[in-house]
Every structure is written in structure tokens, then in C-alpha cells.
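Next come two complexes, and both contain chain A; in the first it sits with chain B, in the second with chain C.
Moving on to the complex of A and B:
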């Protein structure tokens, strides 16, 4: 039974990290924007869901706005009540779930739009510092401004699928997560192999050339950041619903860095790399979370995993800077035809031999 | 109010030492070095351990801390950053590498703190302070640590000034930072110069670690928190001159302490926990408005504009 729970938990976390790494891959691997503030947009989605889920449901279905004092003091009780309400009215739960995910995506996209202001003007290192600090700033505010997510101790997120019971509920949530992440994957694969993806790569490699062909770099950067942030926001919203709570201290700069580890180890500019990198990281992470008590160490084993991940990252940067799955040419119709042509040629050669 | 001023002074000393190092490393390899804050945590833990086991006063361990933290920084430069930049690694790769090193260092310090607190049965290993005492100077009561920190900062800044302007090696250092290729042509060993800059930068950050526990609880996380303020100070100073770093450190130090003191008074009554937001916001605003920092502002141009405007009116 524990194995089944482990697999479900592992896959659920995997889908969330997959979305995050795809979005970073879009921004860094394809468009060359060094987004060191991934956690900012991830937290944007999670905080949206965390702060709205309980209050919005009570406002919509009971017509009562909870004042801030009551919300801070009794968020768990209110949240549980909302969960019970969802158990009786499954459709309302699904409605709130989808609505909040859309809201989370929009708010993160808005944050991405704001972040594009420095992203257009600053060089990579300055942009990196700005975004790292912005992430920490948001965390600092969320920790202290209680009306947002109840401050340091975090907020309870009601479960919109509480009408399902037992393992069935976990499977259902996993199924939904899988739909969202594979949908994101398919859309991004389609988009990045289209002229848009090639334009992004061209911008990454040489902005001046792209500009001289009459493309608007500024608009392109804004679009990329908004799209990437929306995906991160979706991941954040799903993360909040999946874990059932939002705690500001969960969204440290280390989270951003882990996504970078995934993308660089896997290979920037190739979504397959991001997928494999995420698999690798989440497997280690969940293994530690589940079997921590089996290993007796005088310190927290998570630190050990950070050290190992960082060393692997440095080794990859030194010996295989392209990552495990290097970038491939975009699958355009012409290239596909050429590839097929080569195959035909080689078949013919074999026949001649 | 006097207390606040003294607090701000001590804090500025720390930030000045930190941002000088950040600026030095940035000028040489052109990477915002994320490991820099952790030299400070390392320094704090070395000083604490020496004090605990040998009873040596933390201030006396400053030379050891300087050398150890400097050596670490030097090793990172020699084996990681230099090979990478020679291979033509891009800026983002260098930054990711420095964040990886930061995480390794922080995790090692965490592990050390965990093991030591288990072994020595001293729970304060994950958050300690040093005992400070007040000294009576004339009418003022000053904390001893603040005096030492200020004297150290002034001493280091003036030594650095003499070193960079009066010694042959210092001038060579400035030359190779300004234009490495030209310096190489003139027979300066640029590699050696860069190594020494990294050594000095790391050492200064280590010294910061000795002063931190007098003011705030030192834990393995403290270096990261300080690093972001160090970034704020160095960026405000322009990341291109050591004097800018000094100005930046002082401004950020005073802005944070005095700013939160003023904001926490009525009528605003902001909780003190918002303190880190001040340097963070300063960093963001600086980068958006004057990305070249204070020293990057062309004052003569502004002056000319004002004067020119008057002439135009006449």
C-alpha cells in the first residue's frame, strides 16, 4: 500500500515540476531569458489559490464576505467547512477549482508582464539579481502580511474533490494533474516547433539579426515571459490544491534553483531533457521524503541531496554543457522531409549493396 | 534614536566589507557571485567554534577567518570560475554554477551545525550570538563590537586604498581589471592578480562573519540573507568601483535600520519583520532607474544640463 501511495505522490509531484521545468525551458532554453525568479510566478499561482479558495467559495455560495480577523484565526475550520460543502456539491467544487486555476494563471501572467519590464532593459546578471530579490520580497511580504495567506503558518486549502474517497480521490487528482501537464507538454511542443519557437531561438542566438528582419524583440520577450509565467502559475495553483496548504516558507529561492538544476542537467532547449531532469530530481526528492526514517543520520538528509544535486550540476556544466539531451533542430516540414529523404537514400544504398 | 544610529553604523560596516568583496569579484570575472554570503556564515561558524573549544575571543580569530574564507574563495576561483570563463561559458552558466556552490556551502554548514549540536549537546549551534558589552566614551555608551567593526572597516578601506593606488601590485591589479588584454601585453600576470582579488574578497566576507553574531542571530541561513543586501549595496554602488561599494554599503545599512525604525513608529506602524523589504526594494528600484549605480551617474553632465538650461533661458 505504501508503494502505491509513493507512486501516486511521486507522479503528482512530477507533473508539477514538469510544468515548471517546461516553462523555464521556454524562457531560458528557447528565448534565452535568465529567469532566476521562477519561484515568484510559482508562488503567485499558489498564493492566489491559497488566499481565494475558502473566501471565494463562502462569498459565492453563502453570500458572506469573511473579514480578515476571522479568516486569520479560523482558516482551518472555514476551509474544512468548505471541503464538506464540496463533498455535497461536486460541481461547485470543480467550478471553483477551474476558476481559481484560470485566475492563478492570469495573476502569474500579470506578474510575468511586470517582470518583463526589467527583462527588456537589463543584462542577464542584473535581471537574475532582480528576479531573485523579487522572489524573496514576495515571500517576505506573504510571511508578514496576514490577509494574503495567513502569514508565517500558512493557509489551509479546501479540497475540491472531497466527494471522492480514499485512494480513489488521490487517483482522480493525479489524473487531473496528468491531463494538465500533458496538455501543457503537447501545446508547448507544438508551439516550440512552429515558427514562433524558431523565432525565439533566433532571438536567443542573435537579437540584432531578428530585429533587422523586422521582428519586435520587446513584444517577443513580453509574450515569452507571460506564457512561461502563466504555466508556472498553473503549476503553483495545482501545487496548492494538491498539498492542501500554502506556506510562504515553501517558496524559497532554492526552489527556483532546483528548476534550473533540472533544466541544465536535462539539457536546455529540449523539452525531453526537462522531462527527464524533472523525473530524476523528483524521484530523489520523494524517495527521501518517504524513506527518511529508514536512514539514521545525525543531520537532515535533504542537505545531502542538495549537495549531490549541485555537484552533479557542476559536473554536467564542466563535461557536458549541453546537458544529457542536447538541443535538436526544430521539427519543421522541411527538416522532416530532409530526414525522411535521408532514410530513403540509406535504404536505397542498402538495396544497392 | 542614538541606539538606532549605532545599530545602523555597525550594520553599514558589515555591508561595506561584504559589498567590497562582491564588487571585486564582479569586476574580475563579471559574475554576481552568489557564494559570497556563505563565506560570512562560514566565518561566523569558524569564530564560534574556536571560541567554544579554545575560549579565544572572536575578534582574535579574525586573521584565521580571513585566511580560511579567502582560501576557499581562491580555490573556487582557481578550480571552477577560471576554467569555466576560459572555456567561454556564458554568464548564465557562471551564475548557475555560483548558486550551486552556494547551495553546497550552505548545506555543508547546515550539516556541520546539525552534527555539532548533536555531539556537543549545545542546541544553540543552529542560531548563536556573541556576548557584547558597552564601553563608556565620554557621554556615549557604545557597544564594543561596533567600535571594532568600524575601526576594522575604516582600516581595511584605507589599506585597500593605499594598496590600489600606491603599490606597484595594486596598480597592476587595477590595470588588469580595467583591461585584461592590455595588461597581459604589458607583462602583468593577470591570473595572479585575479586570484589575489578573489582571496581578498573572500577574506573580507569571512571577517563580516565575525561581526554578524554581535548584532543578529547567526544561523546557516544568515549568509544568504546578507548576500541579497550585499547585492543591493554593490548594485547601488555601481558594481564597477570599490568606492561605489563603500557608499552603497553605508546607504543600504542606514536605509534599512533607520528606515524600518521610522516606518515602525506611528503613524505607519509597520511591523519590524518587513525589514528585509527595504534593501530588496532598493535593489529593484536602483536597477530600474539607475542600473549603473551611484558612481555611474555622470554628475558633470547633469550640471552642464542645469547650467546649459539657464544659459538657454537667458
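Moving on to the complex of A and C:
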């Protein structure tokens, strides 16, 4: 039984980190935008769900607006009631779930749009600092401004699938997470193996030239940041629903750097790399989380996964600086066709020689 | 002579105390090859940068036909039918040679997020045509055998050729070339210039070519402007330009 729990838990976390790494890979690996504020957009999605799930449901289906005092003091009771309500009305639960995910994506995309303002004007290092600070700023606001997600101790998130019970519920949620993450994966594969993906890489390699050839790099960067942020927002929203609570201190800059390390280990500019990098991290992290009382260490066991990840990072940078799966040219159907043709040609040429 | 496709009028550009361009007025008649010569530091690259929108001039005007394009951003100037090559080649290093061409084509379907996802059939069909055209251009510039190589791995000379290939791919009305044959062996340099002639004759493309190597390029061009210290010091036909005393002095002095 425990092994099943572990697998469910591992895969669920994996889907979230997969989405985050894909979104950073889009921005950094493809478009060359150093987004050091990934957690900001992740938190944007999670806070959207956390702050609205209970209140919106009660407002929509019971016509009652929860005032701030009541929300802060009794969020767990209210949220539990909403979960019970969803148990009787599964469709309402699914509606709230989908609606809030769309909202989470939109709000994060909006944050991405705002972040593109400095992204277009600042040098890379200043942009990095600005975004790190913005993420910390949002976290501190959430921590200290209780009407958002109830402050320091966080907010309870009702379970929209509470009509399902036991392991079946966990499997159902995992299934939904898998659909969202593989959907994201597929869409991004199509998107990046197209003239759009190629243009992003060209912009990364030399934006001056891309501009000389008629492309508006300002617009291109805005689009990229909005899309990447929407994906991170989706991941954040799903994360909030999956864990059943949103706690501001879960959204430190460390999350951002984790995703960076994942992308660099895996290989920037290659989603397969991002997927494998995320696999490494989540597996180590979950393994340690599950078996930590079996291991005895002279320091906090929770740092163990960072230590292992750093060692992998150092090894990768030494032995394969482009990551485990280095970038490849865009695989559009036309290029694939040409490549097959070329192979035939060069084989023939060798035969003649 | 034909009407002017490109015209600068008293363009001035300063960098701090340096006057890189002073009252530079040049004309590029349609379907002609105009050459710009001058010693190092005389302002040739700056003029190309100002025309193509990389820099805004401090004063003066730039016209395409009769349209004032002064101060527009590079991507808008490109839309007027102007493409340029860079003196130091700037390939998209991680893209293949073929992709370097595909990415700069005009009106690429599938370059927007929505069309790349929802108009797949259309952009794939377009890309087939573009790839064919790109392959033809690669044949012209002798890079076809390297089409699937990363551009960052090309030799310096090959990168120069790729610069030209990209400019051709973008279907321009006029190409501004910054030292297209510098550092290229004489045989290839002559081939490049032959191609320039052919493109002018077959596709009616006009050229403004900045070049040091008078020995090779002069015989292919129609008009020559000579610059020195940010000013135009002479304009004449290629056979007469060197006999201008100011030009000879600039070259000997600079």
C-alpha cells in the first residue's frame, strides 16, 4: 500500500515540476529570457485558487459573501463545508476547479505581461534581480495581508473531487494532473517544433539580427513571458488543489532555483531534458520525504535532496555542459523530410566513392 | 537614370564627441549597385546602421522612394523592403544553415502562437516552398552541402556567405551589404559579386555595398561614393573615382 501511495505522490509532484520546467525552458532555453522569478507566476496561480476556491463557491452556490473576518478565522471550517458541498454536487466541484484554473492561468499571464515591462528594458542581470525580488515581494504580501490566503498559516483549499473516496480520489486527481501536464507537453512540442520555436531560438542567439529581419522582439518577448507564466500559473493552481492548502512560505525563491537547476541538468532548449531533470529532482525529493525517518544524518534531512541535486549539477556542468539532453534543431515535418532525403543521398555518394 | 529607391539627405550622427556622419547625402537608383568606399573609421558602417534603423540619426532624413523612414525601428524598416548584412557575421549559431534562412523569410505562417498550432497544414505547406527556395539560395552561395549543420560551426568565410544568403532569403528590394567580401578568397569574392550582378538583373534587387577591396568590387558597380571622416568626399563612376585627388589622399593618409 505504501508503495502505491509513494507512486501516486511521486507522479503528482512530477506533473507539477514538469510543467514548471517546461515553462522555464520555453523562456530561458528557447527564448533566452532569464526568468529568475518563476515562483512568482507559480504562486500567482496557487494564490488565485487558494484565495477564491472557498469564497467563490459559497458566493456562487449559496449566495453568501464571506466577510474578511470570517474568512480569516474560520477558513478551515468553511473550506470543509465546501468540500462536503462538492461531495453532493460533483459538477459544481468540477466547474469551480476548471474555472479557477483558467483564472489562475489568466492572472499569471497578466503577471507575466507586467514582468515583461522590465524584461524588455533591463539588462539580464538586473532583470534577474528584479524578478527574484518580485517573487519574494508577493510571498511577503501574502504572508502579511491576511485577506489573500489567510496570512502566515495559509488557507485551506476545498477538494473539488470529494465525491470520490479513498485511493480512488487520489488516482482521479493524479489522472487529471497527468492529463494537464501531458497536454501542456504536447502543445509545447507542437509549438516549439514550428516556425515559432525557431524564431524564439533565433531571438535568443541574436536579437539584433532578428529585429533587422522584421520581427518585433518586444512583442515576441511579451508573448513568451505571458505563455510561460500561464503554464506556471496552471501548475500553481493544480498544486493548490492537489495539496489542499496554500501556504505563502511554500513559495520561496528556492523553488525558482530548483526549476533552473532542473532545466540546466536536463538540457536547456530541449523539453526532453526538462522532463528528465524534473524526474531526477522529484524522485530524490519524494524518496527522502518518504523514508526520512529511516535515515539518520547530522543535519536536517530536508537539505539532502538539494545536496544530491547540487552534486548532479556540478557533474553535469563538468561532463556535459549543455545538459544531459542537448538542444536539437526544430523538428518540423519539412526538415524531417529533407533529412531523410539527405541520408539517402549521402549513402549513395559514399557508395560511388 | 532610374528613380531613387533609397536616399539619404544630410544625415548626421554623433557618438559623444565623435562625428561619425556629417551631412551625408547619397542616392541609390533603382536596380543599381552603389558602392561606398573609405578608410577604416570613415563612417560606412554607421551609415548602414542609421539607414537600417539600428541608430537614429541626430539630423537629416532617409527616404525609401518618397517615404520618409527616418528614425523607424529596424523591424519596420525591414518591412519597407530593406535587408542588410553585418560586417562581422552574426549567424543564429544554434540554428542550422537552412534554418538560418527559413527564419528570416518574409511573412512566415506559423510564426505566431495561434497559427503554429491551428494552421499547421498551411505553414507546413509554406515551409516546403520556403525550404525549396532556401536550398536554391544555398546552392548559389555554395553552402547547400552544409544545410543541416549548426551555423555556429561554419568557418568565417562560410558565415559571410550565410549573411548574404539570409539577406537574399528575405526578398528585399534593396540589400545593404557591409563588407561582403572582406576576408573571402578572391575566387569566391568574384563569385559573390557575379551573383550580386545576376540578382540585380534577374530579380531587380538594388544594392548598397560597403567594401574595402576596390580591386575586386569596383568592376561590378555602377556608382561609387567615397567617404572620409564622416563626410562624402567624392562621387563618381567606378573607373574615375580613384583619380579624385581627395580619394587618393584619404587612402594614402588613412
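The working rule: the second predicted complex is superposed on the first by the 337 of 353 C-alpha atoms of A that agree within 3 Å, B and C clash if a C-alpha of one lies under 4 Å from a C-alpha of the other, contacts with A are read in each partner's own complex, and residues count from 1 in each chain.
Operating definition for what follows: a residue touches a chain if its C-beta (ideal position, glycine included) is under 8 Å from a C-beta of that chain, and two chains touch if they have at least 3 such contacts.
Predicted model, so just to flag it, every value in this text is computed and none were measured.
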Clash or fit (per the criteria above) of chain B with chain C on chain A: fit
Touched partner set for A:179, first chain B, second chain C, both or neither: neither
Contacts of A:144 with chain B and chain C, given as first, second, both or neither: first
First, second, both or neither for A:334, with chain B first and chain C second: second
First (chain B), second (chain C), both or neither touched by A:59: neither
Touching partner for A:167 - first (chain B), second (chain C), both, neither: neither
Angular separation of chain B and chain C about chain A, which is computed from CA centres of the superposed model and rounded to the nearest 10 °: 80
After fitting on chain A: smallest Cα gap, chain B-chain C, Å: 13
On chain A, positions contacted by chain B and by chain C: none
Complex contact set, residues of chain C against chain A: 52-54, 73-75, 78-79, 83-84, 86, 90-96, 98-100, 102-104, 106, 108-113, 116-117, 120, 123-124, 127-128, 131, 147-148, 150, 166, 170
Footprint of chain C on chain A - complex, ascending: 187, 190-191, 194-199, 201-202, 204-206, 208-217, 223, 227, 269, 327, 329-330, 332-335, 338-339, 342
Footprint of chain B on chain A - complex, ascending: 28, 34, 36, 117-118, 121-126, 128-130, 132-134, 136-137, 140-141, 143-144, 253-254, 257, 260-261, 264, 298-300, 303-304, 306-307, 309-311, 313-314, 317-318, 321
Chain A contact footprint on chain B (complex, rising order): 30-32, 80, 83-84, 89-93, 95-97, 99-101, 103-104, 107-108, 110-111, 114-115, 118-119, 224, 228, 231-232, 235, 271, 273-274, 276-277, 280-281, 283-284, 287-288, 291
